[in-house]
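Just below sit the structures, each encoded as structure tokens.
Consider the two complexes below, in which subunit A is the common component and subunit B and subunit C are the respective partners.
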Partner chain A sequence: MAEVELRNVGQFFRRSGGALVEAVADVSLVIRSHEFVCLIGPSGCGKTTLLQLVAGLTPASQGQISVDGAAIAGPSPERGLVFQRDSVFPWMRTIDNVSYGLKCRGVEKTKRIEIARQYLRQVGLGDVERSWPRELSGGMLKRVAVATVFANSPRVLLMDEPFAALDYVTKLQLHQLLLTLWEQHRPTVLFVTHDVDEAMLLADRIVVMKEGRVVDDRKITLARRRTVESLALPEAVAHKEVLLRHLGLGELVQDRTAPL
Partner chain B sequence: MARTSLSVARLPVDPLGIIGLLALVALWWGLSQFHFLSRLALPPPAGVAAAITQNFFSSSYLANYHLGYGGLAGNLAYTISNVVVALAVSCVVGVALGFASARVELFRAFADPIMLTAGTIPILVTAPFFLIWFGTSRSAQIALLILFDVTIVYLFAQRAAANLDPTYVAAGRTLGAGPMRIVSDVYLKGALPEVFGGIRIALAGAWGLEAFSELLGAPKGVGRVIQAMAAEMDSQMVFAAIMTLAAVAVAFDVAIGGAFDFITRWRRRARL
Partner chain C sequence: MKRTTAHRLTSFGVLVVLAALWQLASILMPYESVPGEPMIPGWQILVTRTFLSLADYWQGGLGVPSVAQGGPRTYAGAALAVLSNSWDTSLRLFTGLTLGVAVGLVAGLAVSWSKWSRRIVALPAQIIRTFPMLALIPMFQLWFGATFLGMALFVAFAVGVIFFTGTVNAVGNVSDIHVDYARTQGASRIQIYRSVILPAMFPELRSSILLSLGTAWTAVIAAEFLGAQTGLGQIIVFAQYFGYVGRMFLVALFLLFYAAITYALFERASRRLTEWMPRELATPDRYGAP
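Entry: the complex of A and B
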């Protein structure tokens, strides 16, 4: 169980020039337990900022964030975060990276290595546990990052455009891997992306942000494991058209009169 | 994907360096052999080698000058221990202050001027003051070295911590690392390559500085040997002292360079 609730959350930043930026403005949102929510929106709309607020890395300027009714206070291993940039520690071997969260929580060495090994195998990296991160490709590093958060068994999983920098095939492989892990462990997921197709493939629900505000929130009821065929169903196409128009890509949509 | 991490065995000393060293000795031998310079200005290699072997572990000759019965080795031990103690203290102090200044703006505003001033103090000119404050004991030389070492280590540690990608710190925090672990597992490990660079630079400069500060007044040490032998016009022993100190400095650099390379073997080597 892990229901995430944001109530009137806002975040201000002061730019170097002195101007005040409202990166997140009055966001209220309830993410139900086990739900897979994709947060989509144009670059600079406040997605990363919102995710870091939920992670507890920065305290919110306004509003409250709670998990199962308890207000969050700082970061916690219960809320795992996969970063957009590489976050695998270059100075630790793969296995030590994956088991690091368990080490922080005082799990005994043989036990934590055993758990880490199991997750490394599951992400397909069983044979590089003694490698240094510099010896791994970008896709492999993302797999390590995914194994690292799952090894911590978080109840909430936050992901910030985790696969944005990967090639097409690797990205699609990692989508399937993520869905498998999610089906097994059922964390509540908040997945930030700017990729409409990625959101349609993964989400139970897609929340659209624009200039710091939530401007749309739609349930995607397409049956799971979605396929090329199911993503071409009229229901899927209708969602996609609306999302593209939110991103200012209306010229890609034939029927311009359909309501947002 | 079956990649194994293979650490290539690396020679601790570059063979080219050894060739260069041999060439230098050959040149030295040639110059002294054909009397381009007087024996006093340039003693022959064989004579210097003999002076080293005869006076290395014990030397009543050096004892005559109140330099102890331990020979060159005893004086080297004094010099080395001062350099090592000062460097160890400076590493702890310099890294702690450097990290703190990188993280806490207020502390940096306070510490930077002090450290930068310390770095610009003409150490050789101020050295006599250390003699006044600490007398001719070991403390005078160690304090002078700490002033020199700590500035360098501080600046390298500060730069390393400031340059560390904040994503690593955020990742550590979300994985459950507390402040102590963030410092030891993230800042310290991530900053180590640059801090090591600073330590090596500090150490390289410390030998000459230690020998110099011994000249101003120390119970013994290689600097004192050089001073006493120069006064006696015994250039063979002066050379012997300089050569052994140089050998120690090179050996230290090779040893800690190797150790540092091993500890930071996770670093990215240039790769296209």
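Entry: the complex of A and C
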């Protein structure tokens, strides 16, 4: 069980000129246990800020965030985060990266290496455990990050546009890998993206943000695993049209009169 | 031919050319600092007469009598004089260096603990760093006398200031994303310092370490100028009193040799510690010290 609840959450920043910026404004949201939620919205809408608040990296200016009713107080391995940029430690070998969180929590060496090896094998990197990150490709580094976060057995998985910088094929491969791991371990997922297709492929639910506020929250009831065919069904197309219009891409949608 | 071999051959060639230029200058300018002492002694004088004269600084023992006790100038005496004085200088240098690095690093890390402490020490640290180090020698002498402790502390101060500011800057430049990544995995602050900050800052700290090594050699020789009874700096001072340019030059060559060894040892250790870095960034001769 890991239900994430955000109640009237707000985050303000003061610009260098002194003006107050409302990055996240009065967001209330409940993400149910094991749910896969994609948070979508145009650049600068507050998605990443909201994710960092849930991760506990920065305290919220107002409101409360809780997991299973307990207010969060700072970061925790129970809420694993996969960053957009490469976060893998370049000074640690692959296996040491994957076992780092376990080491921090005092897991005995033999045990943590065994766990790390298991996840490295699962992400297809069993043969590079002694490699330095500099020897790995961008896609492999993301696999290391995914293996690392799952090795910590998080109850909540937070992902901040993790595959945004990858090529098309690698991105699709990682989607399948992520879904496999999610189906096995079933953490509650909050996945930030601005890619509508990615959100349609992965999510149980898509939450749309604009200017710091939640403006849409829709369930995606398409059967899993989704395929090219299922994503071309009328229900999927209807969702996609609305999402594209939220992102200011209404000109790509044929029926401009469809309600948001 | 491999790139590194070509590089070494070129460096060696430059050294040979410099030595030849020195020899040429000794022939073209046959002046004397005092009667019988050439202003620019050629290599044939340096490796024979000048080297032998260093036997004057051997205090006697190990079956080789000192010149002051009436013994002859011998190559063994000269070699022992160089070794014993080099040992004394090195001991002062490495004691001061170790102390300076330890204090500078720990203080730098402690200050970097919070943004506020970084802000508070930023300006004073810059001021102390620009303070002319040599102007402090008389003060250290008055405080500690011409003792081992005084000289080692002077080296420690010179190195510590560089290391402190270098550490504060290097910590400030560690990527936030790695710190956040560690925090989300449950790392404590101490664990973050040990497993993230220290390895991440090392490449940037390398330039401070190299600067510290150079400064430490300068500082220890400068400290020995004033009142030391042994050490390579003391030989230079006595040689200057009597106009023995050859001795000064020869001791400077020994210093150059020792400094080169310390740089080479550090480079070797540094290569191991930066094994994880992309080669083009970890190779200082290509892009400068990263």
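In this text, the second predicted complex is superposed on the first by the 260 of 260 C-alpha atoms of A that agree within 3 Å, B and C clash if a C-alpha of one lies under 4 Å from a C-alpha of the other, contacts with A are read in each partner's own complex, and residues count from 1 in each chain.
Definition applied: a residue touches a chain if its C-beta (ideal position, glycine included) is under 8 Å from a C-beta of that chain, and two chains touch if they have at least 3 such contacts.
Being a predicted model, the structure only gives us computed values, none of them experimental.
When both complexes are overlaid on subunit A, subunit B and subunit C end up clashing with each other.
Touch criterion met: A:C104 reaches subunit B and subunit C at once. Counted by residues of subunit A touched, the larger count belongs to B, out of subunit B and subunit C. In the overlay built on the shared chain, the residue A:G63 is in contact with neither subunit B nor subunit C.
Once the two complexes are overlaid on the shared chain, A:S131 sits against subunit B while remaining clear of subunit C.
By the touch criterion defined above, A:P75 lies against subunit B and subunit C together after alignment on the C-alpha atoms of chain A.
Contacts of A:P42 after superposition on the shared chain: neither subunit B nor subunit C is touched.
When the two complexes are overlaid on their common chain A, residue A:N152 makes contact with subunit B and with subunit C alike. The residues of subunit A shared by its contacts with subunit B and with subunit C are 55, 57, 74-77, 79-81, 83, 85, 87, 89-92, 100-101, 104-105, 132-134, 148, 152. Those residues of subunit A lying in contact with subunit B across their complex are 52, 55-57, 74-77, 79-81, 83, 85-87, 89-93, 100-101, 104-105, 124-125, 127-128, 130-135, 140, 148-149, 152.
If you check the complex, the residues on subunit B that touch subunit A are 1-5, 165, 167-168, 170-178, 181, 185-186, 189-190, 192, 264-269, 271.
Put simply, subunit A touches subunit C in their complex at residues 55, 57, 74-77, 79-81, 83, 85, 87-92, 100-101, 104-105, 132-134, 148, 152.
Interface residues of subunit C, counted against subunit A in their complex, comprise 177-178, 180-188, 191, 195-196, 199-200, 275-278.
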